[in-house]
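The structures considered in this document are given below.
Look for chain A in each of the two complexes below; its partner is chain B in the first and chain C in the second.
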Partner chain A sequence: MQEAIVFSLNVSYGIISLALLVLGLAIIFGLLGVLNMAHGELVAIGAYTAWAVQSAGLPLLLALPVAAIAAGAIGWLMEISIIRHLYRRPFDTLLATWGISILLREAIKICFGLEYKSVIEPVGGSITILGADYPTYRIWLMVAVVLGFVGLFLWYRRSHAGTRVRAMVANPMLASAVGIETAKLARRAFVLGAASAGLAGCLMAPLIRIDPYMGVDYLLSSFFVLVVGGLGSLQGVFIGSGVIGGAETAASTILGGTGGYVTVLVISILFLWLKPGGLYARR
Partner chain B sequence: MDRRNFLKTTIGALAASQIASPTWAQGKPLKLGFLIPKSGPAGIFGPSSETTTTMAIEEINASGGILGRQVEALYGDAGGAPSDTVQAAQRLWRRDGVEALIGQHDSASREAVAAMLRGQLTYVYTPVNEGGYCHTNTYSLGETPDQQLAPVIPYLAKEHGLKKWYLIGNDYVWPRGTNAAAKTYIAETGGEIVGEEYHPFTVDNFDTSLTRIRESGADAVLITLVGGASVTFNRAFASFGLDKQAIRLGTLIEENTLAGIGEANSNRMYSTAGYFDALDTPAALAFRKTYYDRFGADAPVLNTLGEGCYEGAMALRAMFEAAGSTETDAVAAAANGVSYTGPRGTTTLSEGFAASDIYLATAKGAVFEIVQRFEKVAPGNACTNG
Partner chain C sequence: MRAADAFFLPVFALLALVPFSFGDFTAYQLSLFILYGIVGQGIALCWGRVGILPLGQAMFFGLGAYLGGGALIWAEGNWALLLPCLVLAILLPALLAGLVALVVFRRQTGSGPFFSLITLALSMLTYQIALTASDLTGGFNGLTGIPPLPGTDPWGNLYWVILGTLLVTTLGTTWVLRAPIGTLWSAVAQNEARLSFLGYNVAGLKALAFAGSAALAALAGALYASQQGIVSPQTLGYVLSGELLIWTAVGGRQTVLGPVVGAVLIGFLSSELRDGFALWEVLLAAIFIGVVLLMPQGLGGLARPLLDKLSRKRKAPARDVIIPLSDAPSQPDLSFSDVEVTMGSVHILRGLSFDMKDPGLHCVIGPNGAGKTSSFNALSGLLPVSRGAIHWNGRDVTGRLPHQVARLGIARKLQVPMIFHDLSVADHLNIAIWAQNLSARDALRPSSFRRRNPVMDELFTLFPFLRDEQKTAGELSLGHRQMLEFAMSIMNKPTLVLLDEPCAGLSKLETTDMTGAIARMREKFGISALIVEHDFSVVETLSDHIYVLHQGELLAEGTLDQIRANTEVQAVYAGGSK
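Moving on to the complex of A and B:
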């Protein structure tokens, strides 16, 4: 019984943490068609922000807005300086953002050094759920992320801004013809995607290894999610995270860590081959 | 001055400078190369290694240097892949002309550096190591599994009635060597191994391992994870409530790692090493006082790895002075049986390893408390790669 509870909590954690990490990439790709290779570095910047805030002796809660603003500001700089010239040139944006990712990684090395950092969780210890101990911080994280996703989903479906974004996504030319400022909207979407990557890094910081190369790991797992879930929708993010996160956690429980990773790779390859649009294709 | 006189004086001066050159070399500073981790998972050991090295060099120079020469420390980063450490070692040796290397880094890098040096340079390896190896002109001062585990496993097994051990470590030669030794000692206490696993340095999710430890019913976990990996594992271990099920014993959980793990997650955790900041022998207290007076109360906390760098410099001085030279052959001829006194007490070199006292400590919150002292434990030097 205890094992079953811990296992299902682990699976939920795997799925939810992955969805959180993918969100930024999915927003930018889904809405703008830009494959942001610097996504992982934006996550890293969020995590380093958490470390910096904590080592300055400030409460970790303060790191959340700081991380979102820092990553969002970098996203804004990326957009106005480089990305906006490259919309509708997918391969060029790929190369450009890849270059930016290297730049950001080196900047992180200069600012924070090469060694591993660790962030102490704001709420330590464990909660006992039906006789099984589970880390308190993870429970809080899962609750917060699920609430955040629900809010985002409702906003996107119901609000005026959401409608305009959807109009821009469906037909950019027509959208600008009816008076929607697509350039401004695109910039906001990009900044939002970057900020949510930073936020994800900040939230995950107490649970992960923080070093300058961490970004690559998160970029890869995020890609797998998009491959499975389909590109460009919140539903796709959740379905993709469910398949990848669930399969990885379940397979590693049975086969060990390496086995879990192999399973994820095999699933991704099968999807690219047999169902390239993913489970929840937009078009 | 006429032409003839000019020639005479010039030649005279040249000849004099030739004759004087050996004495001039004597006056040249003695360069020592320190390979310490400034990056990667072991990066948390870097700052304390640097401060203790600085302190050792200052003390040696204040007391007249080594063989009458002032000593200068040069550093190389040993936190990355073994091939990077080898490059750093080569730069120190070939370009900077160091006369000995002192290494405080992982065992995989030691194998690579020793293979590159092929005995051409005296190489003092200071941290915890798996023992059982030997390289020409390489001297290991750190704790071996025979020292850390032979007395400690029976002690803990008796104290807690331990029967089921789970072994977890990073995937390289030191954890595997340590666990090979551990299996013998565990078997001798009548215990059994219920699990054994090795992880790459980059792993930061130990959920699977924790599930396995829970299911295995282990009552003791021997941890040979390093630095950041150890911090992540131990935090998750306690937050999943496994500290109630099993005690933890680490052979490289030092003060920095403990600080990272945090007081909330250190329940029922033991560490075994030759040195702790909490050590209260007169030699250790004196060392401690000098250190914190010199670098301030918020200096990098003292630990067995940092202290090892200090010992490395002191051992090298003892070896060079016993040999009366920095030549590798002379040092090798004189090294066996050389003793020096450091914060651990008197340490004696034998067959490339060092016999020293070993301590078992337990975490009380975020600091260690010494539980037991084991005197002059032999390093066990069954050399298998002659």
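Moving on to the complex of A and C:
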């Protein structure tokens, strides 16, 4: 019984933390059509911010705004210097953001060194749920993320921001003709995506291994979620995280780490083969 | 590229002298960079030619290295055992690459980021496996104690073996790119849909290119094992994959030797600067971003104008290989039964049923939104059919892929002319005449460039502009593009050709030429046509039989006079709805 509860909590944690990590990539890919290869490095920057704030002796809560601002600022720089020239060249955005990811990774190496860093949980200990012990920080994280997603969903359903951004991507000239400030809107979407990647990294920092090469793992698992869930909706992000996060947690428990990775990769390839639009395709 | 031929041999002769003039250590370093350059040649083949971007190419390099290293250890210097193993070490990664590409590209048109990220994920996976399966791979420390190829010394004569390999891969790649398969790969990058409508399996063409690039990577990997004596998991990893991509981009992805130049140049710079200059790696990433933004052709692009100036423009070879026409039946037998197509909440076709059993010219008319083009799309496999079935010659063809439909003898010309913008008229004619008619051997033979058939002869008479074969399709007027695409679609005498507004945007004179050509092809070769047309003057000249569509259903059919007399049709065209 206890094992079953811990297992289902682990699966929920896997799904929810994945949804948190995917959000930044989903915003930028879903709205702007840019697959941001530097997504993982932005997550890493969020995590390193948490480490820096903690080792400076400041409260960890302060790291949240700092991480969002740091990653958002880098996203802003990326957008105005490079990405905005490439919106009509999807192939080149892939390459340019890949170049940026290498650049950020090397910069992290210079600033923080190669060794692993770890962040101490702000709330330690564990909570007993139905007789099973589970780390308090994980529980808090899950509750916060779910609430955040519900809020985001309600806002997104009522606001026209998403529609305007999609209009801009589909036909920039027409969009600006009807009074949408396309350049500004694209920049905002990009910065928002980058900031939420940083925020995710910061929230996850106490629970993960932090090193300069951590980014690529998060990029790939986020990408798998988008392949399965499809682009353009929050439901897709959650369903995709459910399939990928659930499968990875379950398969890792049974087959070990490499087995989990193989399972997820095979699922993604099968989706590309049989259902290329994902489960929640926009069209 | 042609002018580069003249430089090939002197450059290689100079390179062969490197150990004498710069010493063994430089030669040793150079040979490593050359191996990376060979991998880059494969990346350039995929990325510069076919337009698919592999992000995890180190995976195949590493696989080749592990397999080759294992073979070298196991064979203990016995050539008879070693040789077949080395061949396998190259073939297995290539096979794996081809399989992955086939699966991923089967339903993905275009070359978006999906394929690239799958290759990256696979390279991460193999890296993990190499780390954990330590019995097989030596784990973190890698496979050690690999002997060099029998009779070679990594600090001595192995350099010439590697240089010789580079000569072979360079000549081989150049030769393949100049063969018909090279033209087809360029066409993939330009317009996949046009190729599938001709009956080409585009996923197969892409898979072939990717397998070829993996073979190059694995070959370089096997030599790497022999040269380094140790293979660690890093050879599979994504860091090396990224570096390979940077070298290729900087050197130039559209040239055969560019990637090698990039790898050697950056390789030597890195070994000088990596230790002394902390920001070197950051600078290198910045250079890469700069190349992507400002200089997509890399260093090879800088050399291009010079090479173009040196090379004379080639004349197209005379067409003297006559291909007989297929003896496919000229009796079309098409039937739509209760076909429904829905997109979201919109019903595009709602129970469309009609039969077409007579040869001849058939027109499909109807107001905008009647479902004319959509019925073509349903037939050629572009739109999913949600209910009902489409039969061709008694066989159910619902839901087949575009190239499969094309191979049944149903050709198609689209409303907006679909051409390969940067390819010449000669390339277009060749691609059309090769379609469904090119064996693996033909795909490598220069004689395939000299093909002609009776349809092509007739086309040269009907459309004299086609004789200027050196012209690039992008330079043609809209009318000529329409005619070129029509010419491509009927080149192999299909049973039925679907023509979607073939006269759209044509001048009066051009319209006469086009309708004349369609009628002539019917008369001389028995090619039936199903034509969507708005222009009634065209309908008058071209229709043996007319189908009228309205709101996704068949409203009426018959001869022109019957349709004119039909009151329902009159009501629809006068603006009323029935």
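Heads up, the rule we're going with is that the second predicted complex is superposed on the first by the 268 of 283 C-alpha atoms of A that agree within 3 Å, B and C clash if a C-alpha of one lies under 4 Å from a C-alpha of the other, contacts with A are read in each partner's own complex, and residues count from 1 in each chain.
The rule is short, and it goes like this: contacts are C-beta pairs under 8 Å (C-beta built on N, C-alpha and C of every residue); 3 or more make two chains touch, one makes a residue touch a chain.
No experiment lies behind these values; they were computed from the predicted model shown.
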Three-chain arrangement built on chain A, chain B and chain C clash or fit: fit
Touching partner for A:151 - first (chain B), second (chain C), both, neither: neither
First (chain B), second (chain C), both or neither touched by A:209: first
Angular separation of chain B and chain C about chain A, which is computed from CA centres of the superposed model and rounded to the nearest 10 °: 100
Touched partner set for A:134, first chain B, second chain C, both or neither: first
Chain B versus chain C as contact partner of A:7, first or second or both or neither: first
Where chain B and chain C come nearest after superposition, their Cα distance in Å: 5
Chain A positions touched by chain B in one structure and by chain C in the second: 217, 257
Touching residues (chain side chain B, partner chain A) in the complex: 37-41, 43-44, 46, 77, 79, 197, 199, 202-205, 207-208, 211, 214-215, 227-229, 231-232, 235-236, 238-242, 244, 260, 262, 264-265
Chain A - residues contacting chain C, complex: 35, 82, 85-86, 90-92, 94-96, 98-100, 102-103, 106-107, 109-110, 213, 216-217, 220, 223-224, 227, 257-258, 261-262, 265, 268-269, 272-274, 276, 283
In the complex with chain B, residue positions of chain A that touch it: 2-3, 6-7, 10, 13, 113-116, 118, 120-121, 124-126, 128, 132-138, 207-209, 211, 217, 249, 252-253, 256-257, 260
Chain C residues within the chain A interface of the complex: 51, 53, 55, 100, 103-104, 106-108, 111-114, 116-118, 120-122, 124-125, 128-129, 132, 238-239, 242, 245-246, 249, 278-279, 281-282, 284-286, 288-289, 292-293, 296, 343-344
